[in-house]
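Chain IDs A, B, C, D, E, F, G and H follow the sequence of writing; residue 1 opens each chain.
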């Protein structure tokens, strides 16, 4: 439930358009709603400026659908991450407006178009195989309302590809660097950019990349100061942090 | 060399107060200065909004002193982190103005008082033994110019200590959570706060804390979305990121 | 073989209803029974207050069935954990009374309903994907006879969901906390509750959760004192310990 | 502050022996007291049945002393763990009643002798080098009021030493097994005993014991069901859990 | 090529039954035979007292067949370990005499029955799921000619199952202990037995057993002195070592 | 784009056979070409003496095809590594000249036969299951133009197989050692050979080989000085380094 | 207490030279003797053919002395491993006969010279820094009575040093290979020798040797079949196993 | 013993200046010389083009001295790595000509000045604290005879420091990159340079750098193809490999 929704309810009560009983009904789920297998955090938007998001991994399709139904009932937007094709199909059946970012595996149902922020988030990847994680960030930032630019496959094996786009590094408010294997791109961008840099290690690679540990450690030890590190493949988390930072500049 | 310094040089050339030769002399170290064992990044401030910082670990005291001398020559401020008592003594001998945060092991020589930002950074620790890392952040943020508040020893073993200070969580622009052992405080704060949260795992703990790995993993896996994670004991990095975010709100 | 069973045999001998030879036949399997591929520990109930349990992972379906047959022959109850659908089907064919907790993958055949303890065990999960492990505990505790309450999906990303149920934390004799990802819920509950708290890390999560290692380390390093930690996904072990503690209070 | 203390204050107000102002003064520190570097959790006893304990590692001696002074001011008992000789000396100077368990490094100042529980906790070690951890448990359990028995150096390399003491395993309400190296003792005791078994891995050993990881993993994977595992060398945590379980049986 | 074979060739040359040219032909493959993708070590038997063994994992079925053909050509026995059903079928087609231990996945083609040693090797397992590894040892020892006894599922969760078979521990010349999960059985047997004990950790278990690492570490840290440790699931290696030791006693 | 190609373009401009506009068209992709999901590094050959190579893992088949098309458009050679059968089929459809090394999973389309270097690279494997990685090196070296010899399955379990081929170690300019399990072959060859030795650990093995970590550590700790270590299974990297070294000797 | 000692007591009783009471006094400590901090396993010699050994690490000097006194009282031999100079001095004061192997840190007090076995144990090291571990084996084997030969610093970086001593590999009954860094020597010896090979990884090395983990993994993954692996730096364990095997051949 | 030395001996025999007996005496130590605690590999120079080097870690000072004496007796050069001040003093006492690189801890005694190669090795470091490892390479390369250039403290946090020196990257035959923390410099240089690049991770850093593991993994996973990786802090190994490659170009 978004703050505007709550305000609308309260105004309706004031003006008599809504009885106290009905308002109560609408608001009683405010803190969360108990489905036994899940407690939906309806007031996350109120508390954190971002809506409740359905993380689909480890949930059965029917559980995702039930949660989505309850959020839609409360006039909330649906953002489902790690959404496979089965989730996509089930949610599409629920609501025709569903949009699906196949690369990023993010499914969304929005009640209204978001206004875009003035400031932008730039998403950079080291390689082609990092794009799914970058697209998770991309899709989530778009539904949150942040303007997004992308610069894909500019890893340090051919650093001229990055240096050639140096002016692109000047404009955004926040930069997300998504890289697997050696993860070195985060340090290079961190050393060049004046903005906050968010580094997302990916599990792309093999052998001693250990499913992303190599890139994760590179980023944690970045000799560029102050790089924010996310969990491996956590494009969603990067989007949340980037959006929070981006909106500080909007005020 | 700070941007204002460069501007001053350029204006002096324009008005004839400085010959081109002398200006050249002043500016020629702009990109960096080569001491053989170190290349001082004089234009880091220009490029990243934060001055070059001397990380003392792994450097001999005489190397730290030489670097400091060159920076002072260029009218730069000195910020030395991981500065033990021997470094402190040597720098104090160099310049009487030196200030030393003993807990945080940060030594600073500032040419002028910094103006404080309007927005504040809140630094929270889980326990008493996390304070040295928090104080590294604190000392660095102060010399960068960010306003700082602290809330120490409010770990989840007695969560009422945190909940009791809930309104303190509402005011800052950024929050730094410093915690060792289970590192759980970052998730709790991350779930409560609307602001960007920066988590710093510390090496305090024993046994299966593995020198901070336990807290690091907790923070990387935080079920609160978008928590920015730093390297173990990296209070300096947290300060850099927090300051970058904080100044976005100042504009 | 349960103590009452043995007592009955002995009384029958005393009263002459059973010849010594037949009694011997009945009791000779007391310590264990050798099936070559398995030695069934018939007197575990006598020794530890809990019956022998069939752990199905790593056993072939026909082995599980043979073990079950021998236990049923000895009038024992069947509790099979990590029981997939193939085990379920094979045991159902053996005995119609079979009950199956699909989430927790526990199959049980009880000769008689258990009386419930007065004291209760509360099972809490951080998220929806932790429920299978919680249900393993739940199913096992039920057949052991412990009263169980559940509180699912109250992780620290929205801590109000837990605080809102604070009185639920006051009533049980023992609390089991099941959580993956950051595992932070165990510390928070451990700090709030006066009862023994048993923490079960789960393998839900991704990237640096390393299949449950992150949650395991969090729990081992809990800043709340005295939290009992189980192996990753070991809902069964948590149930055993919880039942042992719970029955101390029954005496 | 112990519950009886609070009750006494309240009764004194009722009977007029204490003015409301003075009572307020006494109670206002109830939740916790802020020393800036530490927030003392005065009502931990009220909440969890065990007093606040000072964990000395990572604290400076003067910090330990200041915390101890505040607790004594509030009529609380002092229990300081991981207390080296310097802490011992400083606390002895504070209060002559101080007792010190040198092996377990636990320093205690009690206002009154504790009444002992009827039920006992049995502490078993695998070897001689595990005794310091066992003694931490021992010392803490004694000041909590639990009756304690010990059985040291009965590791599985000579299992007759344990089997010879089998009747000793029958009497206690809870058993703590402290073992390093292979940690196998926990599984053997866990298979023999009907009571809750708490396993504490120790860092004694060398090479592939990895500072206690080997014993920790053994205990987490114990084939005896329901063994409660503590962090490496965490004798204190074992005492807390054992005391909680032991007191359930006292009611 | 076995020593007797070589001797026979040499005697035939001496007596003139074999021309030097033909003898050369027979012996020229002595050191090894080059198949490009493999160099068969025909004189391993001569050098180490055990024949060349085909380890099937990582080899294509047709490669296994080609190697087997060359060994049969040289009158060698076939021992193929980690042999899946496809290897079994292909080798069966090659030679009708093939025998297959399905549990241990060992396929063998012997030209003649081996005489059994007088001394025996005892193989013990902790649980039922350790039997496949034990059977690999069993099958290999049988074709090497060592007498074998087995004692399965006597893990420490019910140690009476082992103690009850104590006299079985007195008779063999060597003991192999195969155990997963906590691997504690190796220490207990190592403490009871006077013979060399060979410990094989298995990958059975889950969570923090980390695919056998827990059992491996337990065995490496065994407080019983002198336990020989093998790689995880390496039943074959245990058989080789056990046979070498066993034959020392035959002389 | 190869240097000769660029030279040809420039000469054509000089002689008037190519208009400046057309030359521009040809050269403008020099640094790289942006396909959004990939930026093809056309001038890698110019910069590093080796062409851009398509690493297929983590790329969709259609992405591989699109990149290949662009490279072919620029008259570049195609070298696709980690190319499964689906990639093979798709590229074969694109260009009939495609050659495929099935073991090494390398697909290549060459515009012209490479001249072979005079110096040779020797590739050695420890076992049969290391051959796929060795063949990746082999296939890549061939298209780079390096002469290659192989010596497979000469691991240290039968070291006479290696010693017997000692003269083969004398001739090459560079030696690549590919080995899994204990990886010991690299140290032995490193101790015998005068040439640069490149060690490639493979993931062949089981249990405590941990997917190649054991062999990797062996090679990093080689007591033979100066062994160059590659990532696990990185036959491609070994080929690149070997070729660079080999061509130094060609000059 | 050695078997001969017990026999002597029994014979004395039979012949009347010893009263039953006195014999009882002598034998009652048979199983073990309780010093509270240690339970001395006096009948280990009887049970395992090797006397109780005092492992000094983790024991205070006065504890070692007390244990030694009790063993001497029971006519036992003293073997103290990991004995630093302080232990040496204290035991020397106890009994003048003390011998001390300074490299191997083994202190011994023998009541009589041991007769040497006919068969020998060969101890090989890879380098000079592995000698302390080898000498621990050496010293222990000598007091057990096994004949010992040594071959030090023959690591694979110069394999001719080993091959040159190939005939030395033919004579012993058992071979112990002690090696750090890459640990490759164990595989090479394991491939050459017909005898049981015991491999002891050492912590010598640096960086990615990880305190002996690299050598340990090499040995566990040895491509030579049947190598027995010990814990890192466990020269004592190797001696125990070698002696057990060696004495099989003596019968 | 260097090849020229051997040649001289042989010529002297031929011309009669040396009796066969005396020549024998000189040459008999050719393969190696046995000091019991060490076998000096005198013919390493003959076999590998580089002299035997004394690695001082894990050796006692007197052992280093004895080895040095023997090498000097054989007219060999002394190169001692990881040589602390005590080794330095002892060797200086042995031979006045000793030179000592204090940063790199390399002590050398050369009988004659080396002629320098035409080709050069460039050594680059990321930071100041990586210089000791770089200087180990530097000192060793100098005594081997390779020309060396250095470029220190040009890490990616200020990548302009490297790009500014781009032409320096064009000239050498081999490049050594020494970097700790994130180790990203190796990838950047690997992407820019056409020459063989040797990467040496260092243990400089803290927290999640895990003593150099982070940098090691970065380098193993370098997205620049063909980077040769050395053990952590292994400046010596890098020098050996670099020299071998460098000399290929000299021919």
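The working rule: a contact is a pair of C-beta atoms (placed from the backbone, for glycine too) under 8 Å apart; a residue touches a chain by one contact, two chains touch by 3 or more.
The structure presented is a predicted model; accordingly, all values stated were derived computationally and were not measured.
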item	value
Contacts common to subunit B and subunit C (chain labels)	A, D
Touching both subunit C and subunit E (chains)	D
Identity of the chain that, by mean CA position, is farthest from subunit H	C
Higher-contact pair (C-beta pairs counted), F-G versus C-D	F-G
Taking each chain's C-alpha mean as its centre, the one farthest from subunit G	A
Where subunit C and subunit G are represented by their mean Cα positions, the distance between them in whole Å	44
Distance between the centres, which are taken as Cα means, of subunit C and subunit A, whole angstrom	39
Junction residues of subunit E - those touching two or more other chains	127, 157-158, 192, 207-209, 213, 216, 220-221, 225, 231-232
Chain-chain contacts as defined at top	A-B, A-C, A-F, A-H, B-C, B-D, B-H, C-D, C-E, D-E, D-G, E-F, E-G, F-G, F-H, G-H
Residues on subunit D engaged by subunit G in the complex (per definition of touch)	127-129, 131, 152-154, 157-158, 160-161, 164, 204, 206-209
Complex contact set, residues of subunit F against subunit G	126-127, 155-159, 163, 181-184, 187-188, 190-192, 205, 207-210, 213-215, 217-225
Parts of subunit F lying in touch with subunit A, wherever the complex brings them together	31-32, 36-39, 41, 44, 57-59, 63, 201, 203, 211-213, 216, 231-234
Touching residues (chain side subunit B, partner subunit A) in the complex	47-50, 53, 173, 192-196, 198, 216, 220-221, 225-232, 236-241, 243-245, 248-249, 251
